[in-house]
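For reference, the structure is listed below as structure tokens.
Chains here go by letter, A, B, C and D, matching the order in which they are written, and residues are numbered from 1 within each.
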């Protein structure tokens, strides 16, 4: 495959910078140790996504090191190997049509839940502001899935989990891959990193709530989930500066 | 409503700076992730309070972005939407007549207790130096309260909890809103932020004490609560540099 | 009481600087929130100790703010009120004749044990390198002791605990005051701060060990305690650069 | 013993710099409090290793302070006492022929497991990427071993544990010395420090997983361990930029 013309080239340079910036947020937000994280963002029109190269230290990373990959997982541009998790990103872009960015980290609280194969349940408004329901721990991969096309199958098991459990990936933009760690996504790379941080924070809070109340179902009721999620998302949102409703609300 | 004259204008500029400074303390004291916090302070003579705008990043916030609101919750001055929690602040100012500043955060230890609907009990002198008794977990809001004027009802449930349990809000300047997080208050914005940090620290300590002694009532006795609270507060206080009694005490 | 001559004056200026430096280590070592800590050091020849003033922010503290106090607890020099815990420091200097510095903090792990009235038991070599045995949780103060000369009685209960339990304060330079927090001491202010940090670190480690092994006595055996304590202390020490034995040992 | 010629001298200067740099990573990676850590690296041709001096503050340490020691534990060059743990390093170099660097720390999560005498079990891919199986808690040293040549016997008990349990030290480059703390190793000093950090992170994650699932065997299956370990190690590795297989893999 070839990149068609100069306009595409400029768009990709811009995308590389955005993906680089989003990757550099991971150490800033205390979400990675060493090189254990990767962020990508897709250009849906071109059908190409840009992703971090594999195993490069964050303090040596440069925007021009980002690798361009197509939706078959083929490297289209870039001198370095893309992240070893590239097939997982590709699979998610192919099956979750509305997402624009994907993040994988080994952030410690989310990994602790992934290793325990436990959902990060919705225990409070901090969770509900970003995730419209429990963040699922995906089914563990089978031996065949692990020994086969492992990273591709990781994507497959994520998508299968959301389908089987009837979860909308646009409303719950995060998953725990069992015995591994979190993947999050969003409208772009920056948004996906935001969701990775929220997941880490709510995992920490939920752990401590569970220890304080070990024999209780600590879930929020549906109406609280609805209230907080839709306070920030959708046509009636009124949090922040970009919602038509917000000023009225403060005045009512 | 109009701001009456130049004297009021100067007072409000000063108040905006103070509220800005107090908001900027939240990230410095590790009390917020992203934009999840807000601080306000009231001018009781003018009947106006100044509050952070909704959803603005701390590193982009400026003193002139602060929003002026009256005690009916109407925006009096400012181009931005005030914090979505503005009606809660307003309700607290209207019902707790002695308070001058209010803070809301999603600090992780306080939220962990709020999600567990558990009081932060008075287990030690660190607690007693600031809070004269347990910091209550408020009643959970009903479906009607959440689906109605949610942020106003959040204030209502806080005030109701203090009345029902006979807690003096001036002596216990903090609450946990169940399944949500902490609100604290104080004589001004800075003092309310101080109390938000103390609450976070004592919640952390109390969690670990509870895990070390899970089957014990770890409360301090009333006389220790009295001793430490009144060492720092009231006519006989002798902690710090501004108490007539302190020098004598050190010498006796 | 008067400070006798110019030589004494110079010594006290030097002591104030050392006490100031040691106090400033507390925030650097993450041992204090706000003003919740104090450090003192004694000049045994003059019978005077220098201590931090009460309730002053660390970023406003200056060496010349340190307060000089005699062994009756009288302020001898200084414009500010000394720490409200001054009588506790005084009591310790009067009853532990070999100590040169005292520290009090509200560091969170040590406080968690103090609130649980639990010793920080000797579970490993990290502990044994500094503390020759369990760090005791002192008896809780009685109502009379709290309502009387509280800070003096805090010293009294510390000393009583060490006597009743037959603990040598030179070998275990730390205590937890029940429902309150840690006091540590050492040959000077700097050494006492070092011991405050060690106590905080070993309390954290011991908490997690206790959670991993809740039904086990995790104490180290006496011979491991002996080995590690005397590797760093006493005539046969060989850790560091100032022990005659150390070079030989590395070569044997 | 003498250093033979100018070539050797230059090699040792280079080695001192590398060992200094690796030691300075310990505080940067939050692995040490005070002076509680040491790193060494060996030159297998010369049969000499370079190690940190004992008990020197990290902010005063200089490359030229590093001490050169031979494989009998004799100081060959250097004015300072080598780390008191030098005989342990020596023993590991003598019995694990493929290792090039050794690290000892008192990092708090690893110590918590060491004090509990519990293996850090392989619960996830973060672990499997670096450690091909559980990181063992070595047998506790006997009274005789502690009262005899303690640091040498510490090395002996580590090697014995690996032999008795049939663990390959090249595949599991870490151990917990019971009631003490972690030793890690690697192809050089820098790699050994990397492994010390990975151990600390996986210990933290495993602790929380154990608390979430206290009654479950949380081990990963063998095929997941195989997949992740060999994704990064050996002839078929495809993580990072230096593996022939990696680019193909991303494209398949």
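Here are some notes:
We adopt the following convention: a residue touches a chain if its C-beta (ideal position, glycine included) is under 8 Å from a C-beta of that chain, and two chains touch if they have at least 3 such contacts.
These figures come from a predicted structure and were not determined experimentally.
Taken over every residue number at the interface, the positions common to chain B and chain C amount to under half, indicating a different-residue contact.
With each centre defined as the average position of its C-alpha atoms, the distance from chain C to chain D rounds to 34 Å.
Distance between chain centres (mean CA atoms), chain B to chain D: 47 Å. In chain B, the positions touching at least two other chains are 211. Chain contacts here close into one cycle, and each chain has exactly two touching partners. Touching chain pairs in this entry, ordered by label, are A-B, A-D, B-C, C-D.
Residues 123-126, 194, 197-198, 201, 204-206, 208-209, 211-213, 216, 218, 220-221, 223-224, 227, 231, 238-241, 243, 246-247, 249-252 of chain B are the ones that touch chain C when the two sit in their complex. Listed in rising order, the residues of chain D touching chain C in the complex are 33-34, 36, 53-56, 69, 73-75, 80-82, 84, 86-87, 106, 108-109, 111-118, 141, 143, 146-147, 149-150, 179-181, 207, 210-211.
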